Amino acid sequence: MAELFQARVLRNSEVCPGIFNLVLEEVRLAALAQPGQFLNIRVSAANSPLLRRPLSIHWVEEGRVEILFQVVGQGTEILARVRTGEMLDVQGPLGRGFDPDPGDRTPVLVGGGIGIAPLGFLAQHLEGRKVLALLGARNREVLGCSGGTRLDGLGVAIRAATDDGSLGQQGLVTELLSEVPANGLIYACGPGPMLRAVARYALEKGIRCQVSLEEHMGCGVGACLGCMCRGLSAAGESVYKRVCADGPVFDAREVDWR
Amino acid sequence: MAELFQARVLRNSEVCPGIFNLVLEEVRLAALAQPGQFLNIRVSAANSPLLRRPLSIHWVEEGRVEILFQVVGQGTEILARVRTGEMLDVQGPLGRGFDPDPGDRTPVLVGGGIGIAPLGFLAQHLEGRKVLALLGARNREVLGCSGGTRLDGLGVAIRAATDDGSLGQQGLVTELLSEVPANGLIYACGPGPMLRAVARYALEKGIRCQVSLEEHMGCGVGACLGCMCRGLSAAGESVYKRVCADGPVFDAREVDWR
Amino acid sequence: MKSGEVNLSVNLGGLELRNPVTTCSGTYGFGEEYAPYADPAQLGAIAVKGLTREVRQGNPMPRLAETPSGMLNSIGLQNPGIDEFEARYLPELRKLDTKVLANIAGNSVEDYAYVSSRLEEAGGIAGIEVNISCPNVKHGGIQFGTDPKMAAQVTRAVRENTMLPVIVKLSPNVTDITEIARAVVDAGADAVSLINTILGMAIDIRSRRPVLANILGGLSGPAVKPVALRMVWQVSQAVKVPVLGMGGILTATDAIEFMLAGATAVAVGTGNFVNPRAPLEIVAGIEEYCRANGIREVKELIGAAWL
Amino acid sequence: MKSGEVNLSVNLGGLELRNPVTTCSGTYGFGEEYAPYADPAQLGAIAVKGLTREVRQGNPMPRLAETPSGMLNSIGLQNPGIDEFEARYLPELRKLDTKVLANIAGNSVEDYAYVSSRLEEAGGIAGIEVNISCPNVKHGGIQFGTDPKMAAQVTRAVRENTMLPVIVKLSPNVTDITEIARAVVDAGADAVSLINTILGMAIDIRSRRPVLANILGGLSGPAVKPVALRMVWQVSQAVKVPVLGMGGILTATDAIEFMLAGATAVAVGTGNFVNPRAPLEIVAGIEEYCRANGIREVKELIGAAWL
């Protein structure tokens, strides 16, 4: 169950240009959080920017909850200026996360850019298992600071693809998909086109796959119907589903990819 | 002539509860500033709060411009959080200030609460002359940190009135007006009722008096006609005058006090 | 009532509310989404998402755009329809210890009549808010809300099909909102609510296309508060029925402004998104304001700024 | 034109502007107040404070209230009257190397006609903006702007008394702004400008009174941008004359949105208060946008979002 927190900022540091690691001290939130869930953060007490910003939980450790965010606009710019000791108005944990129990399947994390962030928390839950990660990013540095380094630290086997070839092979992460074993379970997060390609590949090969979607949000709790994605009903009809409440994580088979 | 500056914040410190001393490094602004003029400060790059905040120049020294402000609402709350090294969007110096040349009259500064602030800069211009100040405030601490201490440092003779009697006599600063010599020139800044009482006293006794008025502002430059006060035309008719551009300092005889 | 206590109850067109704070339709789901943050039992009432006779998928995505101190939405009345509402949501709503306002819309006068009578029969609904002002649908919606004759017709149809209090929700997208208000009151409305969203749009300069798939959307949030307040001021003095005021309410100060302008009760909409505890904080803030000002009955605030 | 250069000029109903950026009447004084921050010679045009036949004192104070991302004003057309304008301000305006739009208002159709012919004779004015939409005056003002017949009458009177381009300024406080737009275009307007302020109010919960002495005021600033943009979108597609778009413009992005929505030129109002260099920065930003997108003529932006 989600709650509202006034969470103390323990640290907010620019881990590489334009990407920040924000560490919140909030024991209860840490206890409630599940991998793939997100926080809805009020970045300013002023009336503008008005809406909260949805940000995935990247890491949870000893009562601390971390996020990794990329500065892309006004809200994240303000968030980048938050300093140690300030209190942040945080709502969460929200949404339906990943199903972190892969059973006897081999978990394969597929992440693109800042979409790698939530896979860190998921990998924490998968610790002790053999985990493969296929990661893509602009370059080595972004891949590392978007969560790659942390996955590495957990002993996850990483295969990388970068735009400039500075790490792994040059190209898109989707070009690594052939490495997913037939009994694999894909957990994917990243840009829309990447997710679509991953899901299509998985559906085609009959590989299980969970994807974390993104959509602009009004409420973040399922009340406003502003964040819809095209899903499939049990009967196979295309129906709107709420990314914030029915997701953000969906089984690839629940989504209408047409 | 006023300009727009991106001024570096050298210091912003809470000099007593709820009152801040903001020091800006801006050589050109310091050179242009005249006592009684004000700055129009944009407190946030966001759309809300939207309007600039008018704040008087309190002190100018070695290329530094200082203001003293009281936290009363959203804008000043945001300003209170500004830190050393940040750049502040400052427009100024604005308005018609005090006529700092008292000729052969004895300058008498009359200030109430945070209205003491601009009298500091005026006193800098009057240095070397015998200056009397009649100051009122809630208590000793507020009187000091609203500019009283600085006046004292300049050798101004201070007569004080405080609500709680913690400094000078208990009561209103207007009760000290009998101390103004007949050849005095009053420079007054403070709450509306105080200014009215001071002006009435001066007009009655035939003492010269300049008052600094306050009004909510839209533009601060005379363009919007939002900040009017009731003035007197040359012919003695009641006409609107712009506090921002025709003032904020007016000769008491130019104002319609009815 | 103990000494120092404030009586917060108000009567909104026959609807006895324990306090004057409610929620806006379409921003509060079906009452469960915000329950973790603010117990609906502590609110005067809640209004649920706009209902139509048939299932509606709503408008294509994107449906939202943030604007300065506000937001645009073009949800387009996505809702499960009256059948599923009764089967799936109403039983849950009945369990909440608060008054539930059903918000209804339709393509035709008959639709409004039909949904009203269904709700009347179903039970568990405290009042019907008649949305004649949705800017986001092709048929009905805003057309009913800009023409006094059609507004009256819809009101009459609902009135004839229910004994429940009927609250007609007015559109701000009109030259003279008091004209529409008078028309629906003459047609039997027990109260009016206002404002619905103001028609607006946003453009993406990268794609050079409107941001919303539906092109136009409805503006809500603090940006619209001055307009909402003005309309509440005008309408509450023009008609004899109570006004449910909304539009940009985020804090107790906002809510009190609406009551002073003439609102009998207020509703929090977009404010829920920003602060899910806003409705509760507003109840507390109103009570505190009354106490600090020696006001024993919150009713005394209603229209207190008129003169 | 050198390679890579962008042609920023636009034609606003016969008015050749060197670039599409102008200022809003009432927010830019008589052209001198903002000169220290942005040289008027670098703008397409400037509009000066609304003028009437007689001297006007305007409304009582307070006249301003800040609102979320916006502000309310109830200046009430305080102005020196046409005589003093000609004697004192016009000579100064003539010295500025920019086009000056005179904004006029009146209590009657005759007033509008009179002021127009005076301006025509005086010379030095590039165009007349006819304010039929001021929400802050008792007579004329907004009444002329909400009734298509009266709007047309005023337009015709101005049209008959001047050869200058006539731009009619529309009120957003109407059900259908395209109806008024069509009426004034049929009556001879060379262009329309929109939006004027949206009627709003604010209440002080301490005094329990409206903040503005005039009770109601006009809302401007970024808060109204989505509404202004929507109306520009609607009007520019409904009439054949060019649209001067305004309402909440603060940045080049805002201005480009208005052009994509159908505005031929834009005006900066409240934005001047926030950033006195906004008009100049907008000129530069539009140019940069065009260059980055391979657009050689700024005209290509006009209505580019229509389809």
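So that you can tell them apart, the chains are marked A, B, C and D in the order they are listed, and the count of residues begins at 1 in each.
Note that contacts are C-beta pairs under 8 Å (C-beta built on N, C-alpha and C of every residue); 3 or more make two chains touch, one makes a residue touch a chain.
Keep in mind that this is a model prediction, so the values were computed, not measured.
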| item | value |
| --- | --- |
| Most distant chain from chain A, judged by the mean position of its C-alpha atoms | B |
| Cα-centroid distance, chain A relative to chain D, in whole angstrom | 47 |
| Distance from the mean Cα position of chain B to that of chain A, given in whole angstrom | 53 |
| Euclidean distance of C-alpha centroids - chain A vs chain C, Å | 35 |
| Residues within chain A bordering two or more other chains | 47-49 |
| Multi-chain contact sites of chain D, meaning residues that touch two or more partners | 65, 68-70, 221-223 |
| Chain contact graph, described as a line, ring, star, complete graph or other shape | complete |
| Residues of chain A that touch chain D when the two form their complex | 47-48 |
| Partner chain C, residues of chain A touching it in the complex | 1-4, 42, 47-52, 89, 91, 215-229, 239-240, 245 |
| Footprint of chain B on chain A - complex, ascending | 44, 46-49, 74, 78 |
| Chain D-facing residues of chain C, complex | 65, 67-70, 72, 146, 173-175, 198-203, 205, 208-210, 215-217, 219, 221-227, 229-230, 233, 248, 253, 256-257, 260-261, 289, 304-305 |
| Chain B-touching residues of chain D, taken from the complex the two chains share | 26-29, 33-34, 36-37, 49, 57-58, 61-66, 68-71, 73, 75, 78, 221-223, 250, 270, 272-277 |
